[in-house]
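Below are two complexes that have chain A in common, paired first with chain B and then with chain C.
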Partner chain A sequence: MSAGQTAKASPDRTGSWYEASARTRVRLLLDPGSFEEFIGPEQREISPHLKVFGLPEQFDDGIVVGRGLLDGAPVFVAAQEGRFMGGAFGEVHGAKLTGLLRAARDLKSISVLLLLDTGGVRLQEANAGELAIAEIMRAVIEARTAGVKVVGLIGGRSGCYGGGGLIAGCCSALAVSEQGRIAVSGPEVIETNRGVEEFDSRDRALVWRTMGGKHRRLLGGAELFSDDTVQGFRDAALDLLGSVADFGLDTLKAEQARLEDRLQRFGACPDAIDIWTAEGIADAASVPALPADQFIALADQVRRTSRDAR
Partner chain B sequence: MTLADILTSLFPGGHDVRNDDGVLSGSGALRSGGRALVVGIADRTAVGIDEAIRLSRYVLDSIASGSGPILVIVDSDSQRMSKRDELLGLNEFLAHLAKCLIYADIHGRPAIGILYGHSAAGGFLATALATRVLVGLPGADPVVMDLPSMSKVTKLSIDILEEKAKSTPVFAPGLQNLAQTGAVHLTWDEATPLADQLEALLDDLPDARDRRDALGKERGGRLKAADIAERVHGLALQTR
Partner chain C sequence: MEDLSYRHIARQRAGGTRKIAVIGVVASGNLEVLAERNLPDAECLVEIKTAAEGFGEVWNAVIADFVERHSPGGVRFSINDGGARPDTVSLRLAQAARLMQEDDQ
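Let's turn to the complex of A and B:
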């Protein structure tokens, strides 16, 4: 299926976001045929650091950045490929996103969609990756200060971990699917440092309910929950672009109040199920098994996430 | 230098900085007049939700009522690695702290990081790396990730990682390696009063534009980042 054949027809957006590659997500998310890439794989801008470790490079260094149209409106898009080096931020990978965000800051009028799918810093080029994340965080804040909306879409294989979780926290708003785990320390890192009694990384149910999309939505860490389809994320992106507030000192004060309130209400809860129960969900233990539509209805009932406190 | 020595050397005119369980807050008198807000993390304390929310509160209160630079003084662990911190959304708390510092920096309250001990990973991103200028003191020892965790994630043995660290600056821990990438702008000299060096920095402070990638290129530690970012920036600006 080439872009040419599908340029006029409405694309099939019913497929899984989780299973799709970064390029497929971008192509299907945007209006058909509208995407134009900056520094595409044909330019072979690879990581200069992976060969030291005998690791294969990828011609796009695991990220696709460019512009396109979303429901007719121009947007900048960046999509990480979670299947290459776990979507991790290296020097080239990160610099592409930094450049895109700085352009959005200077143009002031074009929104940015971040399709995050990452384990965090690419450790083989750790210093460059860490600093790339610091630069991206700053560029997101500069862009938002200039009036740009930066919306994160999270539902990929690698989740959104490490510095990726901090970038997500800098966005104007987030949409997340059940698979879209958001955290700083990954389960294995907590277990390595603190022991299996603190966190059993092989307990998948524990991982999902502590870091997964449903918990983030119920906690207020993500504004919208999406079904695991391209259409779901497209609808969520349009909703968020239409509803997020401006960024300023009042936003930061509201976020401070939001997070202080969370600590006060849930700071002593030992598990996500206790938090959901405290939120007023009668049968909290049933939440992990709920289908997306029922979960969204439940979440909308118990928590209307504010869109001006992030 | 101990924290007490550093504060005395920075503020010979006096300071009221407190260390509450590793969280620093207070202010110090600048030689040029006015005061600097001081926040930070001491005693190699991990940056968890409880620490981050207090620091962001200090910064926000100071934006509302104060003026002058913000010093972020850091000897921290990484982010606090625990079930509770992740359960309650550590990523939001750390991002919020970074946002407050960066917002303040852009809006007339220049943020200056002073790294005098350890720092790592998310704890580093939310504090020292969320500033305009990061100063290293001799003996500072930043790392991106501790070797046992790195070994777990990369599936490489600690022996191999230690060997690679000796030959590969872009991967290896330490102040010098991070300075080469552009993360640390300058290193101060302990033999000269820190107040002199702070005043010199404040007198000649760069504007709020992030030039760490250009610095990394100049120093040969990050050769591609600045050019790639600039090329994407240029292509994207052609959008109208």
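Let's turn to the complex of A and C:
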């Protein structure tokens, strides 16, 4: 796929990541004109399941995969389209990502950027989707074991939920914007299973401060917080690719220790605001309203990102 | 699901050298258009898969108007429709035709 840019001049990256389509994110994130798509829409590798349900298909099955250059360095990139079926994983969608990660594993030297924007598994092809999640998680870990950095960029309208949240947890590092919610069970799922006293999905402020990017950054689930711009995510990707430590048993042990410490320190906190207060933020209630630059400065103060865990 | 197909004779070949373009997303009230330059210069083919059945007449009118306005000869348009309104369809088709007129890099 050509990028549709006749000039090689630096593109306008000030636009919203949240509002952009998967294709626009890829085109603007990478160096101009460098993206080369694998299994593009013209090959029509569509879902074999949706027709059975009378549902419309998309020619790329909701995910764009390929390679390109990021500041001159080759990268593999996968971008989910959060507006097509909520960016959900189906059989073909998942296979395209698995294949990309296995190529990265075999080549060993090319980093992978995952532009996650997903509600999880596509219900209409649930078994295939669940298998895809498992295959992708394995492929991420195999790629990282082979020395590949796998960086997740999360700031889309579908957030990163269900199996997407599990895949994000397997990445070398994550960058997230305020809009990029990361969790496994979504608000409505938690409320349905555990009751409204446990989680009121209609309380949007509660949803954002529990699953939103600011909390994920302060809790250490995401290494970097990005403003909602393509430039913000490009800078974050370059930062993370340059700073991610090698992956091995020590990384996993450090991650286990980090999670145990987190549970011990915050396990009794009933709300994100209590966690932020425990982290030493004086006016924790003001965090959700902070502009991105002020929040990034605050987050850097209270929590230096650990680069030896994950 | 309904499959529709419209073949037209275009006044002239679509400008530019681009071989392929894709625009739009399959979502509620939206559609994707895949344009491929792989037909004889005077021909234009529009193939549609839509979840909203029974709107063949409207599609016919929208596409005839599009071919008349943009004369996209030599281009095959493939549409996956999520129930878009006619104005949205016209907009996406025009965007696809515009993209094809750019020069390939």
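Here is the rule we go by: the second predicted complex is superposed on the first by the 303 of 310 C-alpha atoms of A that agree within 3 Å, B and C clash if a C-alpha of one lies under 4 Å from a C-alpha of the other, contacts with A are read in each partner's own complex, and residues count from 1 in each chain.
The rule is short, and it goes like this: contacts are C-beta pairs under 8 Å (C-beta built on N, C-alpha and C of every residue); 3 or more make two chains touch, one makes a residue touch a chain.
Please read all numbers here as calculations on a predicted model, not as lab measurements.
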Touched partner set for A:51, first chain B, second chain C, both or neither: second
A:21 touches, of chain B and chain C: first, second, both or neither? second
Greater residue coverage of chain A in the superposed arrangement, chain B or chain C: B
Partner chain in contact with A:81 - chain B first, chain C second, else both or neither: second
Chain B versus chain C as contact partner of A:33, first or second or both or neither: second
Partner chain(s) touched by A:254 [first = chain B, second = chain C, both, neither]: neither
Common interface positions of chain A, toward chain B and toward chain C: none
Residue ranges of chain B in contact with chain A within the complex: 49-50, 53, 56-57, 60, 63-64, 79, 81-96, 98-100, 102-103, 106-107, 121-122, 124-126, 129-130, 144-146, 148-150, 152-154, 156, 164, 168-172, 177-178, 180-183, 210, 212-213, 216, 221-233, 235-237, 239
Partner chain C, residues of chain A touching it in the complex: 1-6, 21, 23, 33, 40-42, 44, 51, 54-60, 81, 83-84
Contact set on chain A toward chain B in their complex: 38-39, 45, 48-49, 52-53, 65, 67, 74, 76, 91-92, 94-96, 98-100, 102-104, 106-107, 110, 119, 121, 123-135, 137-139, 141-142, 145, 162-163, 165-170, 182-186, 188-190, 192-194, 198-199, 210-211, 215-216, 219-221, 249, 252-253, 255-256, 259-260, 262-263, 266-267, 269-272, 275, 310
Touching residues (chain side chain C, partner chain A) in the complex: 1, 18-22, 25-27, 30, 32, 34, 36, 49-51, 78, 80-82, 99, 102-105
